[in-house]
């Protein structure tokens, strides 16, 4: 709960909200869907959206936020590229009495009054969900379970957290062994290439855990190329649930997907309207996310938007 | 070999490209002011400085290297490494900034020095040596840690949030002051000291410089050391800007720095160019960014296309006007 | 001449061999190549197959660098062609129609030619420095690719298209065959015909070449076009390999790898002499290094350190000055004249 | 003369390059207060001797003593610090820097570490004025012709107060006036007790200035003599190892006016380079251009070849108007141009002798019609032997050839094109006496065969010997066109140049 007093009145006088939104980039289909969702929701809510793309660079985001302050927007929303390093610019926003909403990723600032709320998923939790399903699935086997992991871009927040959450969930049981772990840069091509190398170096892999669908989809091709059957010989767990991933899940090639929903737009516009009016809003809003098994995927597939 | 009739024009011909660049920059700024509300303010220009102080410092170092005909691809990684070392020492180890900052600067300079030595004594192309340096510095970042580390130290925070007030309600950050001091010192070195002139001579023709009895070895090693130092200083400024250390900071900054230098009219083959051009180059890149964020309606891909287009128009005009003037 | 050539490629070859042997320590039967379903299968084949796009891009880059230029836009061209081809194919009623796939690929390659001419025009026609001229397309091109794909990954399901980058023909991966064909074509154009001489001459001394009557403008436009075409083919291969086009990530940073391959192969970034064989070796070294990292399980955090180490060793070994200074001194201690450092310093 | 205690002594110097033994066991001494000429054919090892002395190359064997102390310089810098100041054969200056800087770089006048630009420019102007050169010292060196650059290099070397001054072919592009000026300076330095090492292929100059000479042949020492004790004929004999067949005087040719006009330039000009001029070149005619340094000879040549765009006037070939926008267009009309600046505008240093030699022919044929290797080898073999290019290995990189041999390759590049008009700008720069005679004979015989030649040389005798007609330039203006009849002598030419009057 943060006090939205005096300061917000002036700029929102005409009732039409101007929002500055700084996106990380367009590095994946997921991200594009996220952008689209924000844009369409803004239009639907009658919010004037100032959009900028940071091309994965924090400095660009800071610049964008600074320029939003300069342009005197009513509310600023952004998906931080990385957790730390936002204090200075957020303080400037606070001084200018512009409320800030974080989407998708959190910041690690100690001073929580710098932003109104954080709307988004919890990457660590996603990793945990993936790990939990795995322990469930293999709870009856006594043999060691050989896991290979395709990490996201080295150092990126989702890669770090999804790895940590997964490790936490399987950590207690010695039969789960991560025998190889390498970055696939969140891309299909890399996912395929790395998986081929894994398959050559390790003859018996039981499970693949990929930090996103795309790498998983690339890996499927590698597995098929090596003459194995994805989903049977090697169980595959991925995160995101984009359409191609869901299709593969429905086809039985992927075994389990943890959803990470990009459709934050409507929720964001809601929160923004409240923030501008000065109404109190919860400090943490978790997006509604679920997990999919193969059966659930078949059901959900026809209505998937992205 | 075209002929120059000297003394015909008040402005020496060698300054024309830089002047053209400066005029174009002003034109771009005016165009922005016409198109967007609350654009044509002094603070916008100052913000460009604030947001690009670190790039400016890095580009200064890069200018030295490019003037000798070399190239330094390691700068972005060294910037990241400096932020990472600063953050981990200050936050995790509790070192005082007064000890950390000199250490970081020394590490950057030492890295540059080592690359310079390899380039000169083993006669290996700068591209490949500094690329290895880039891998090394980024690799070192990840060995320190893959997460980003916040800097909460008071000195850093105070420095980061301090503003130097200027008349007219405008202000700049201390980083801008530091960057401008670096620019002035570097311009002095390039223009008024032997080292600076040796840099130009080496870039003009390394063999000639050698035969003229110039200390080519010292000069070449010096420019990479300077570049390493500037990158480290850029890293310190970036850690002030971001208040964090992170292995993925400044990805691709080497390209921005090179682009800034070259847009400023410096020849990549060495021996010709001015530091003032580099400052303009950085400002142009920064202003393009600002225009993009004021435009505010561009999708991610249109952003890229638009940046490319602005760059193209700028370079084309710069080129065409300079050529027209010359003939 | 022959001995010189052999000499120049000796060290890259030694390094490649050493890297391959390192793998043997970690993966038994690393060198085994088997026949599986009528395809050749094995790590060695994989290295060439995955390296194929890089080899292609590096071949084009070699010629550009030989003229004293550089092409940063190849990565963007890779993503644009892949995107365009996949867009066309995904819009077809029957994705398996060969003629449609050929038309789509052809269209994409034509686009890459246009982009190459554009680069060449900026460099040779307008006189912009190559690094900036191609930077423009590097930045805008990726936007263009995303514009084509609308920011999404376009997945296609086309057998004929899959063949380009992921299929087999005559037991060999089709990609390898493409590389061989392009390599043969390049070698023929540059070494059989006189293009190589003209390129080397333009890169060695542009003004002297002009005065010798070489149309350097044409030569420069040609090499940029060729580089873009190579990148275009590589783009088709990369997107076909995963049956999808990723406007943002396809070919990301491939320009850096390609330049590195060229430089490792012994071509100077200053222009002049070039070596196609060296470039192929260079690209193979890079790809082997990547594969090695995966297969010996270097953790992702230390991958870059490992790369730095290998690249440093590679370039040190390749440097005649280094070999001279480190190995030579020991070999002729008695009759040697005082080495540079020990020379008498004469006061001024 | 002072007691002969050598300031510099080299003993048993050997230097081997891959495949070439450039020096073997050469002894050399240099006395203070003496001008010592180092003589030898192209590729004899003169420049190499100078380079090993000044630390550009390591020596394989032998020792060097300077002022009685054993030395081995790690770099030209060290040599310079020890008091050896050198002008190397190719002009080795930084053309991107200003003239003043090129003279003073490394020794700039400073106060508190700050370079004093004003003082530097003033001193540079003074220094050049002493060599009677009046140019804008703050302009970049690249704005000036090679001859001016050579003067600047000399000015730089002369100003470094040294014990030893080495001049490797400093006069190859200079005309008589400049040479005289240089010699005046050299004499003054000599009187100050400085030892001067001088290399030149102009025998007259050598005899005028030197006190002593050392002769090299094929990297070996032949002998050392006092100049006064060795006649020209003997000298040449010692240099080339046999008697030189006397240069038969190319007797006065019938004037070539009767033949068809090949190229007519009318009011052709280019602002800032050369004033509009009118010149006709007939088939089989050798037209010489004479003028002082910077008088615009090179500019005329470049305009006629399309290397620069003409601002005014028109050009006709075979009576038909043409516009030469590029060198390539000129080559299509079978015009060839051999530039005076072989390093910047001629050589492709990374390519071999063979490749450099066939380059223009290949360019003319286009990329798709390679010259068959056998034909290449024939051509190369022919010209290597005609011009005595050494080493005779066509696969040697051209940058490893001696300066004179590089020049021969440049000439051969254009000769194999068999052009109708051959423009030669200082073609005999740095070429030894034997080969020079050979080249002159070649030019004469080619023009007999119908080829027109535009011949530019700083050496007036040479111009006079070869040309049917001589154009005289002064201050970038073609002031006179003289028929080469019996009345025309170098003196008349000099006078025309000086007075600018039409004869």
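For reference, chains read A, B, C and D in written order, and residue numbers begin at 1 within each chain.
Keep this in mind: contacts are C-beta pairs under 8 Å (C-beta built on N, C-alpha and C of every residue); 3 or more make two chains touch, one makes a residue touch a chain.
This one's a predicted model, so the numbers in the text were calculated from it and none came from an experiment.
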Report task. With chain centres defined as mean CA positions, report which chain is farthest from chain C. Result -> D
Query raised in the report: What whole-number Å value describes the gap between the mean CA coordinates of chain C and chain D?
Result: 43
**Report entry** Centroid distance [mean C-alpha coordinates] between chain B and chain A, Å
**Finding:** 33
**Report entry** Residues of chain C whose C-beta touches two or more other chains
**Finding:** 146, 151, 300-301, 303
Query raised in the report: Which chain A residues sit where two or more other chains touch them?
Result: 25-26, 32, 35, 154
Report summary line: Shared-interface residues of chain D (touching two or more other chains) are 81, 345
Query raised in the report: Each pair of chains that touch: what are they?
Result: A-B, A-C, B-C, B-D, C-D
Query raised in the report: Any idea which chain C residues touch chain D in the complex?
Result: 1, 192-195, 197-198, 200-201, 204-205, 207-215, 219, 272-273, 337-338, 340-341, 343-348
Query - Residues of chain B defined as touching chain D within the complex - result: 1-7, 12, 14, 191-194, 197-198, 200-201, 203-205, 207-215, 217, 271-272
Query raised in the report: Which residues of chain B touch chain A in the complex?
Result: 37-38, 43-44, 47, 50-51, 54, 141-142, 146-152, 157, 160-161, 238, 241-244, 246-252, 289-290, 292-294, 296-301, 303-304
Query - Residues of chain B defined as touching chain C within the complex - result: 118, 121-125, 127-129, 131-133, 135-136, 138-140, 142-143, 146, 255, 258-259, 262-263, 267-269, 299-309, 311-312, 315-316, 319-320, 323
Requested in this report: Could you please specify the touching residues of chain A with respect to chain B in the complex?
Outcome: 20, 23, 25-26, 32, 35, 49-53, 55-60, 62-64, 66-68, 70-72, 82-88, 91, 108-110, 153-156, 159-160
